């Protein structure tokens, strides 16, 4: 039997979860958001990164929840942690530079990895007010790398996001608002930026020099041309490395039998 | 039997302790330093101020130590406290404005209540380096009132202290260093200042308008003229209210039988 | 002295005046002081200014009821049980509410500054985002920045002069009139012991001018003082206390009960429109008191949320 | 993974290089990492830069031994057992050491800033004192303010621009190479549980680039993780651990042993002169290791300091 699952054995959420999980390296300190990223990180912990340290924004440090928390404030976060305290600790630690990797989401993203979770349309007269920033810009400002997990629709991969909630590789320099490279603005607080976007179509990375997103791998069944068509900005498809690796059978086992058996975040695909 | 002890029944340390204790009002939040002030505050707690809240600088809030701590970092501080944590809490609470009263000491004091605990002589070429500030200026900056307990010697009650460690009613405005009223410098952080000096000679208070120290009460056996002679600056003795009340028999009982039976801070005077 | 601080739910709500600024304990859908929130809605409080490290169902209930004029925070939603704050979103669209956006860390540092008596904090978060867009200073545009309770500036740009660390953002301390906390235990004199994650409760309690603590149980002070290093908030930081079991429902409480996800889902699904909100409030808030609310929820529902003592949450199987 | 972080006393001292900046756990005469302090003296470390929230016997021992070039802090002494720091005082008089004075709260806020990754803090303490006298910037006068490890300015005066609160002092974050902590318990992976007052241990551990934790006992991680909300410092903030019973002697440790006042008194009385210091060091430091030191102290002395488990200190009667 193959290491990798065959297409009928997994769903899109499984694929995203496993792709996200593989962004984690062993021994890293990872800032976990609610939802699929939480499953992805715990999957990494069960597989290739047993020594990763998990920080929950609500205040649990080096957490090892025995049962999947439904959010970062969940009572389950505290079980087995090295220390449970509060947001002051979590954000102080993050700003101090301890965090290697954060997982985030967004409603819109631009070529530079700027992400919007605040509103659609003019901020002062919005078509739709969203949840707001949460810790998205903070984790993105403080961590060495951030990975975004997003639904891929053309209206989400846009030329200009309605509101830059979370900073990409080229950001606005205030008070003027001209775009500059993140490195220029962040000074000695510069530690990196978005390192990958895992969408429902493919995996994207960034050229740290010009700050542009490029397509790294296409999800099984998708072509670079199709994916380019799903972006309003000019997507670089010259550096495609191939196809996104499917989930392994071991990964699917951990996701569905151990981590999320109740399908809270990841639905189970019935075998054909 | 009189409420008050007769002169042969108490020592100078008893007198200072009781005078200090009487500066505490019930329900106040009091920042306690090591030594005699600690006994004074706990004496107030046993007598007229049962609801005072004691803060120890090292991080114990609303403490009720069953046995006298020998310093504010002592393991005894934690027993029976509302919360034990650390300096960040103690100083945050103080800067936030919770503290009504602090007790402090000093090596030198001037007319305005500026106190020195740092060095004798030129700071850059000192005759004698002392302990340094500790929390003296902090408690004095943050509390509503501060009371200083000092040995009264002419070399200590000076025209100009060698170094202003802790701010009085008229302080130096930097970068120039000209003296201004404390109120002018502290802005909305102004909450008060030194309210009393309890020396081995008498009790002194301050005119908050001109910021000058004046003699309030003379300790038994001392005259205003004698005390004036013990100050290098021009001491106002026009407002003397009388003699410092001696310890009561009840106070002496608490000091020697309950709080400090081992005479750690306050020696016991044998009855004649 | 032991009962000085005790008040009732009604009195707790009455301490919050029309126009007060207000903040809460908890985090998104955990440990929100719902029994007081419901009472505020019953008492039809108006013109509230919410300043929250993060929002959640409590924001949505108050906003939907028309209690809130200004919301300063970073996030609102129901986590897994409702993607965003539909009531806030509706009122923003209808310009019935002013929203001032900060980042999560900024809100936390604003409360930390206030809690330690500093007028502002310095941070390097969120540089280059529209959170710092000078055009998007909503309270400034509305002429609300009087420099008293609302700072003269939303933020100020500066540079680190000590180590050359580059751009810094100064953000004003969060000044709030009242903080309402919902915790597991409070002592008779006000000592608070929070179990599990503290969220931003210590900062919030200290930042506010008046702090009200609603607890699952009021316990003897002496019990809490036996282990001072396990306590979270000291007596003198707490002005009023009240006991109110299940006071956080429908949000959860570590060690006591889980989040009532079904309740939140129903609220989220049913209150996209004002009519929907009004119907929900009519059913679940008005005409009930806290005991009536619990009786309406019923024993089976509440027993099903009950946390396991060894685990501090309700295991899924 | 469980033994990765373990080092010996000798190795702990070797991590501190000549010229390192260094700070410690504890408060005045409590929980100072003396076993490592003694080892640093035996290894004749030089040119150390101590940055301490407050000083104490550990300062005096290192300063007397000639290990220290710069001391930034606010206080040194032995509390009840010695009025001031006689070794520091002597070396200041002889201009063998640079002393930079801040206030106690300033030192604490400097570490808090460093611990939360901010380059500086804002405070209103000590306004109008000589602590802020521009002439008294000792490290500036000595040309040490390179803006790297030592800030370009001792402090900066400013005004609150948000609420008009008036004069403010900006003080630089405390940047330190190594923090050495002495605590009751550390887990195999580095989780620290401090009992009793925390002093400034959490800030100090997080501010330093390298954090070494010496504990009375190394315990199974799993034991500490059963009650995560009682732990003080998380695994990833700790780089090295070692077990060293009675490692804080002659200072005290909550729940374990009281301060050895007689030892401190003898040190204070005997080390006013350099000759006195050298004789004391010859007797108590050189030629001994930690076990030799404990044996020299002897059982009766140590049993007499032992804390009562119920009280956490040794009752006087």
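Think of it as A, B, C and D in the order they're written, each chain with its own count starting at 1.
Here is the rule we go by: a contact is a pair of C-beta atoms (placed from the backbone, for glycine too) under 8 Å apart; a residue touches a chain by one contact, two chains touch by 3 or more.
Bear in mind that the values here come from a model prediction, so they are computed numbers and not experimental data.
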Revision key, fill the gap. Neighbours of subunit C that also touch subunit A are D
Practice item. State the pair with the higher C-beta contact count; candidates are B-C and B-D. Key: B-D
Revision key, fill the gap. Greatest centre-to-centre gap (Cα means) from subunit A is with chain B
Study note, to complete from the structure: Chain centres from averaged Cα atoms put subunit A and subunit D apart, in whole Å, by 41
Study note, to complete from the structure: Between the Cα centroids of subunit B and subunit D the separation in whole angstrom comes to 27
Point to revise | subunit D: positions in contact with at least two other chains | key: 117-118, 123-124, 160, 163-165, 196-198, 229
Check your understanding: Residues of subunit A touching 2+ other chains?
Key -> 60, 78-79, 84-85, 88, 91, 94-95, 142, 189
Review point. Got a list of which chains touch which?
Key: A-C, A-D, B-C, B-D, C-D
Exercise for review: Under the touch definition given earlier, write down the residues of subunit A that touch subunit D in their complex.
Suggested key: 29, 51, 53, 60-62, 64, 78-85, 88, 91-98, 142, 189
Exercise for review: Over in the complex, which subunit D residues touch subunit C? Could you list them?
Suggested key: 117-124, 147-148, 151-153, 156, 160-165, 168, 170, 172-173, 175, 195-198, 229-230
Study note, to complete from the structure: subunit D residues touching subunit B in their complex are 26-30, 53-55, 73-77, 79-80, 83-85, 88-89, 92-93, 99, 101-106, 108-109, 112, 123-136, 138, 141, 157, 160, 163-167, 196-203, 252-255, 258-259, 261, 307, 311-313, 315-316
Revision key, fill the gap. Listed in rising order, subunit C residues that touch subunit B in their complex are 1, 114-118, 187, 189-191, 206, 221, 224-225, 228-229, 231-237
Check your understanding: Which residues, counting only subunit B, touch subunit D once they are in their complex?
Key -> 34-35, 56-60, 67, 70-79, 84-88, 91, 94-95, 114, 118, 123-124, 126-138, 141-142, 163-167, 171-175, 177, 180, 182, 185-189, 262, 264
